[in-house]
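So, here come the structures, one by one.
In what comes next, chain A is part of two complexes: it sits with chain B in the first one and with chain C in the second one.
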Partner chain A sequence: MLTLLEQIDKGTLWRAHGGVHPPELKSLSNQTTIGQLPLAKHFVLPLTQVGDSALLAVEVNQRVLKGQSLTSGTSFAYCPVHAPTSGTITAIKPMPSNHASGIEVLSCIIEADGLDEAIKTDAHHAELSNQEILKIIQQAGIAGLGGAAFPTHIKLSPASEIELVIINGIECEPYITSDDRLMREHSDEILAGVAIIQRLISPKRIIIAIEDNKPEAIDAMQHALNSSTLANGTTRITAVPTKYPSGGEKQLIQILTGQEVPSGAIPAQLGMLVQNVATAYAINDAVANGQALTQRVVTVTGLNSQTPGNYWVQIGTPVKHILDTLGFNGNVANDKIIIGGPMMGHSLPDISAPVLKGTNCLLLPDSSEIADSVAEKPCIRCGECAVACPALLLPQQLFWHSKAEEYDKAASFNLHDCIECGCCSYVCPSDIPLVEYYRIAKSAIRTQNEEKKQADFAKLRFEARLKRLEDEKLAREAKAKEAAERRKGSMSSGDKNAVAEAMARIKAKKAAEAGTEPAPSNDIADKKAQIAAALARAKAKKAGAAAPTSEAAANKESAPADANDKKAQVAAAIARAKAKKDAAKAANTANTSGQSETDAVSANTAPAADDKKAKVAAAIARAKAKKDAAKAGNPATPDDAIAQSEADSATADKAQSADDKKAKVAAAVARAKAKKQAALTGNTAAPADVIAEADAVPAETVSAADDKKAKVAAAVARAKAKKLAEKAKQSIQDTDMAIEPETVSEPIETAISETRQETVSNIVNTKDSTDAENSADASVSLVEESASILTAEQQKKARIAATIAKAKAKKAQAKLQEKE
Partner chain B sequence: MSGIVIAIVVLTILALVFGVLLGFAAEKFKVEGNPLTDQVEALLPQTQCGQCGYPGCRPYAEAIANGDKINKCPPGGTATMEKLADLMGVDPEPLNATEEVQVKKVAYIREEECIGCTKCIQACPVDAILGSGKLMHTVITDYCTGCDLCVAPCPVDCIDMLPVEQTTKTWDWQLNAIPVKQLQEDTLC
Partner chain C sequence: MAFKLASSPHLKVKLQTQTVMRRVIMCAIPGIAAQSYFFGIGVLVQILLAVIVALAAEAAVLALRKRAIMPTISDNSAVLTAILLAVAIPPIAPWWLVVIGTLFAIVLVKQLYGGLGQNIFNPAMAAYVMLLISFPVQMTSWSIPTVIAQNPMDISLTLQAIFGSMSAEQLNQYKLGFDGLAMATPLDTVKTDLALGLTMTESLSKPIFSDGFGIGWFWVNMAYLVGGLVMLKLKVIRWHISAGIIGSLFICSSFGYLLSPDTHVGPLVQLFSGATMIAAFFIATDPVTAATSIRGRLIFGALIGVLVYVIRTFGGYPDAFAFAVLLANLCAPFIDYYVKPRTYGHRTGN
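So, the complex of A and B:
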């Protein structure tokens, strides 16, 4: 069993599947030597890589020289475009492309100046490194000249080991003879280029494959090989039987080595590399002469061509210029102008399109050469196409699915392996343009894949965005939470109380400004405050102008107090002033003033600002008590009053809760009144005081805020009870009795539940007939009990009732005073 | 008599065994979510445009899986609708959008008019707009899905939706198709 290399050395050939033998018609163009096409007036250089992997290096109105690069780039895939002649750039704009679609692509238009002045180049020397040679090849802009125009420097720097290099001189397409003529005339240069490739790749073998319909080319190449520097053992020229499409890369590998390039793979994966002979020539031109790829051999042929033959054509020459120069028998509108061969070429939609690096043939057939497209007939499933297919596909299946636009099914029949050689269309008895269907299907599949890729990418980005938004939201929330916590931490409870106090102060002030009459207000708390304020004011008025000394004293005392307590202090000061004045009146100056001083101190030392109301009330109560005691002229009462006021102030201090303040006010007022009554009647003040004090104790111990109303009610009830008891003793209560039961029961009726109402009315009823003290105690306990179960709404009403009751009490007091 | 008892006992045991098996399988091989949703979503074009009335392609996929109509996706076009019909086993319905809407477009910001308000950036569902406050914005064309969502928020109306131009690489080889050229208003004859 011979190895592959031994078989190659023996010149063994394998059979490739399929293929056709179309009429060659090469003799039309291969009889004359390669001519030189005159320079065109302007050139169109498509800049397909600009915006992708290259940058524009020139600008409009710039003069460029032949061989000057129009683009710049650093990426590996970058393949420069060079000016084919000297001239001025007149425009850089989209121009019709040399493509089946004729779509406009960005192009550089050079107006030739006719001088054909080349950029200065230095010929390279042999002692170049491989990297330098590759760089030169890249900078020369060399691309596959066989038709695909794949950048050569990429192909020549393979990732894997290359054992076999195939130089493709097959040129299997009918009509085309550019490689044939090049091999005949420039075999030495081609072999020099092959030597450069050998140096770069170092393959074990190099095969120069030429179809056997080009005997002159084979001879010329063999002759050149014999005289070349290439080692004879490694390089050989192999004649390949003529068959279309043996020039295809995969087919040629199959023929020369018997190996099949797998689907989707490239020859490099088999350790093989295929280069066109014209590319080898261009490599030599670039490396040896420093010439960039600015011209190529183009076969101009067909019966419509007046002078068929091969010509050196500058890349970028408009097709129109070739037609004009070489003569075109047909007319542009009706006759086809085909770029490439008859099998794989495409008709050109616009003759202003330029010649490209891959343009090897310009076919100008007349109507006898290329039949008009005949109507497509139904597929008869003859299977000729499958026989002809060089890629071992099932063309009729592909056609079936492509026509039905079932592209996924077409893809499942390996549509992407179709090389679009056109053999199937050529053999089809039904004249079906199969390749057209495949091209449409291929582009549709490509578009689908592209869209799928885009959709996946869009989804990724959408999800990334959602995640980002979510993260941002969370971060924001966390930040807000942190800030709120910080704020909460910095704000003490005192601040909140301060706000509440400020509100209360404002209200009190407003009420004070409104006058002595309590302004109508919805808020019961307001009313209370107003009442208290009114009381204070009324007292102040009654007292008249205060003694300047006591004023000063009061001011002095208020100075050290907290600013927040201003109102309270003012009230306290007023109360103290009154107390002092009254005491002075009663000639008990030393005793009472000293006492009031201590009271004031205790009021100031009351720690919570919330208690100011309570303090005000306490002060008022004390003042009243003292005044009354003084009025009565009883020497004992001042002491009692002092004791009482002490107890009151203690109560006020102890009751820290703001909620209790109203209750305390009421209680204090009630107690004071009770005392006054006692004093007025001239009976022993002590028992009454004792009762009052005893009453005050339970009121204090009921600490819960809910109970405040109950306390109010209790205080009112107690006060009334006491008053009534006193009155009963004095037997002057004829008129009062008529009022009191009514007035007490009435508000309570509206305020509290029916059961409670009953108890209260019972209390009121019993109060009259039974022993005053007993009934008072009983009623207190009852009222307290029942009040504690009051709801918030009822409490409000209870407050109203209490106020009314207090007002009545005041009235009664006034009456008593009148009677006195 | 004993035969009946044995039969009942055996059947009961079998029923229990299979019940346990099925219960175990139901737990072990439980599928999270509706697998149909993923299949539907794979067919949708992921433009996230919201033209279906749902805030993105995923919610619409869920809606379709739950029985919503399949013809609400203009960016997907008739092809997507037909695939959905195939998948869902329902009859294809005509798309509830005009052909004109189905041309793939991308957003383009007339940069000299942009005031840098970032409103379009916030609207873009795929973060395809680049820019910052008071700085000019631009659309990353490759990322743009042509969803139209950035057009409305623009306070100076400097965003155009331009149809994607065909290049030689994306050309579809429709040689026999009558080429349609877009005419500018001033060049109309």
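So, the complex of A and C:
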């Protein structure tokens, strides 16, 4: 068994599958030496190159010299583009590109001054390091001249060891002869370029592969090789049987080595590197002569060309200039103008497009050479395409699935391994443009994959979020349980009067809700409380008037109604905020000065907060006002259902042999109300028993719009709560011990209120009630912590306030549900 | 500026579907000529009848489907189907037989499935099977080969026979052999004889096997073989299906013959009797209903060969190509699914 290198040395060739033998038609253009195309008046240089993006290094009206780089860049993949002649930059704007679509790309337009003055170049000497050579190749803007225009310096910096370098002189496409003529006329320069590649890569073997339909080129190269420094056994010229597409990188590797480039990989993985002969020439030109890549050999051919042949054409020369200079028999409207060969080239939509680094041929066929495309006929599954396919695909199956837009099935037939060589379309007896179908299918699959990637990512995020919410919920429940147990443990003796008192308060609240009668005689309710309540109600009403909530309730699902509802809530929240601020100020005044004076800062302020109880009442009234606002949105709410629910919860609580009944009942009432509210707002039409069940609305049903926002808001709320709690502690320390405990609890309540306020408004803003409730709980527990240092009485009060806050949070959540 | 825009490749081989079909028809001419020589001018009458009906039926269905008529008619595929069906029908069968068969082939089997390229079954063979099952008497009454007939039929007699103006007694005279039995194909004769307890040698000594093969059938098969080889040379068809059929039929029949020469037809008789060559080169190679990959086509052909052998030897019908081809048609998508070529750059065995 011979090793691969031994077989290469023997000149063994392998068979590549498929391929076709189209008429070669090369003699049309390879009879004359390479001519020099006269300079154009202006040049169009697209600034986007294969590789990385670059910075524009010139500006409009600047004079540039031949070989001057128009861009700058520092990244590894950067490949510059140079001015092909001296002249002035007249514009930098999008211009039709040399592409099948004619898509506009940002281009520099250079008005040539005819002097063709070149930038001063350093003559490079032999003592360059490899890195310096690579730098020179990069700065010269050398890209693959076979057609793909991939930056050469990247290819010449392989990550793995390269054993075999293949210099591609196959030129298998019909008509094209630019490499043929270049090899005939510049074989020494090409070999000098190959020597540079050898120095950079140090491969074990170099094969210069030339199709056997170019005997002159083979001879010239062989002759040059014999007299070059490469003639030491590692480099050989191999003639390859003529067949299209032997010049394809993958096919050439298969023919020369019998190996296949794995699907989706590059030849470097096999330890191979393929470079075009023209690229080798350009490398030598850059390294030995310091010339940037500003011109290339272009084959101008086809029966519509008056002077077919090969020409040195400045990169950036508009195609129109070539047509005008060399003569064009056809007319632009009726005849195809093809960039590249007849098998893989693209027809040009706009002749103002420029010649690029990869433009090896300008094909100007007349209608006898290339017939108009005829109508597609049904596929008869003759299988000729499969015979011709060099990638061993089943083109008719690919066609079948591509046409039916079953892209997944097309992909399962390895559509992505199609090299678009055109052999299948070429042999198809039914004139089906197979390659066109594959291009469409490929781009559709690309789009689909892109979308799928995004969808997968979104799903991942969503699932992570669900899990987090679930974890948080569990943590919250555990915490609540713990708190409940702690509470149970710390509670003192029961008090039946407290229950009665709580019941009375419930009644008072109900009365206030109904808004028909003043609070019944109660030791808490006094005139000031009523005034405060009235003010709060007025505010709520005002807010309600500003935004017609009844209408919102009627059209809950319509968007504008939603907006109104939201507005109303915001307005209500503002009103509440004001009320609270004033109350807080009053409380602060009371704490710090110890006086009972009216704070005249706000017009809304209730009379002096000298009585703590009044403030409690005010708070309750505010809560009621809020509830009223909510009820305004739900006029259908049955009052008796509320009563029923309240009574139920009250009795339930009564049955419990709890220690601190007062606090518990108050908390229960608050919770019941909140729940009821949630139920009612969630489903106004539902009967009372359904409503009673609805209090367990799971947090999951709340569709969260923006949890991030909510979290931020919650964090802010927690921070505030902490701050306020600290303030509360401080004020306890500051305050004279003679001050009544009730007064001491004032700032705590204020803190709770404000925290709740903050949280509620956050909820309204962010719509994420789950997080917000969480934060409300968190702040409440913070306040509870701070309150634990107070006396039992104070604790009780604090707890009541905390429960109110909780209830309010829940209510806000309910409102949100209603909105959704 | 309005440029001519087109997707690559811009070059096209000049071979068109209609050219492919026309070449297939041309290559069938030697076989048809041989068949006409041995079985009378009726073969040509049947072909003419079938072609006219096929074109008319195709045009009618295309009109109903609101499709362009001319481009489809001119692809020659309907003509080819008609010819393949007509040569499979006994030359003096009544006219309505071929008309029903052709209508069935074109309208039901081809156009109702979507026209050219869409049909699952080979239209000619599906129609043949339909006729064979529906009209077994008419479909198995072959005329006496002209070379051994006592009074060969001329054109007017043939036309009379086909178009029904001939009495049954008169007709029988052309169908009956020396022994007064209805003339059947050689394969049919062998099958009947084996059923009657005769040995293969005894059966083959009958006048219809005068030259070791059935009279005429050997040369008809030879003519189709020549046409088939020309098609291979012209690359109108690829060799895989034909080779699969002939190879597997040869192997199977050799095996059977070696085991029991008295009850099995020899491999050469198998290959040059009945429809073997026309089926192997002209019918089974219909690309629309065959497998598409190279290995798939070999399997497809081999499957037909095995089925033909099994049905000919053990089945109730003397010839079996129609059944074998239809059964293989059914398997073609399955074969295609499992026999995919290894794409470039994809390793095997993992």
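Going forward, the second predicted complex is superposed on the first by the 445 of 820 C-alpha atoms of A that agree within 3 Å, B and C clash if a C-alpha of one lies under 4 Å from a C-alpha of the other, contacts with A are read in each partner's own complex, and residues count from 1 in each chain.
Methods note: a residue touches a chain if its C-beta (ideal position, glycine included) is under 8 Å from a C-beta of that chain, and two chains touch if they have at least 3 such contacts.
Just so you know, these numbers come straight off a predicted model, no measurement behind them.
J.: With both complexes overlaid on chain A, does A:139 touch chain B (first), chain C (second), both or neither?
T.: neither
J.: Thinking of the overlay built on chain A, is A:99 touched by chain B (first), by chain C (second), by both, or by neither?
T.: A:99: touches chain B, not chain C.
J.: Go through the superposed model and pick first if A:464 touches only chain B, second if only chain C, both, or neither.
T.: After superposition on chain A, A:464 lies in contact with chain B alone.
J.: Tell me the contact category for A:12 with respect to chain B and chain C: first, second, both or neither.
T.: neither
J.: Which partner does A:455 contact after superposing on A: first (chain B), second (chain C), both, neither?
T.: Only chain B; A:455 stays clear of chain C.
J.: Which partner does A:234 reach: the first (chain B), the second (chain C), both, or neither?
T.: Neither: A:234 stays clear of chain B and chain C.
J.: So which one touches more of the residues on chain A, chain B or chain C?
T.: Greater contact footprint in residues on chain A: C.
J.: Contacts for A:222 in the overlay, against chain B (first) and chain C (second): which applies, first, second, both or neither?
T.: A:222: touches no partner chain.
J.: For A:447, decide between first (touching chain B), second (touching chain C), both and neither.
T.: First partner only, chain B.
J.: Would you check which partner chain A:436 touches, where first means chain B only, second means chain C only, and both and neither mean what they say?
T.: A:436 sits against chain B and chain C alike.
J.: Which positions of chain A sit in both the chain B and the chain C interface?
T.: 100, 436, 439
J.: For chain C, which residues count as touching chain A in their complex?
T.: Going by the criterion above, the answer is residues 1-13, 15-17, 19-20, 71, 75, 77, 115-118, 238, 287-288, 290, 292-294, 297, 336, 340-347.
J.: Taking the touch rule as given, give the residues of chain B at its contact with chain A in the complex, in rising order.
T.: Result: residues 44-48, 56-57, 125-128, 143, 145, 166-168, 170-175 of chain B touch chain A.
J.: For a test of understanding, state which residues of chain A touch chain C in their complex under the given definition.
T.: 17, 20, 22-23, 100, 174, 250, 254, 260-265, 332-338, 340, 342-351, 363, 365, 370-373, 375, 377-383, 386-387, 390-394, 396-397, 413-414, 417, 420, 422-423, 425-431, 433, 435-436, 439
J.: For the complex, give me every residue of chain A touching chain B.
T.: 48, 97, 99-101, 103, 105, 436, 439-440, 442-444, 447, 450-451, 454-459, 461-462, 464-465, 468
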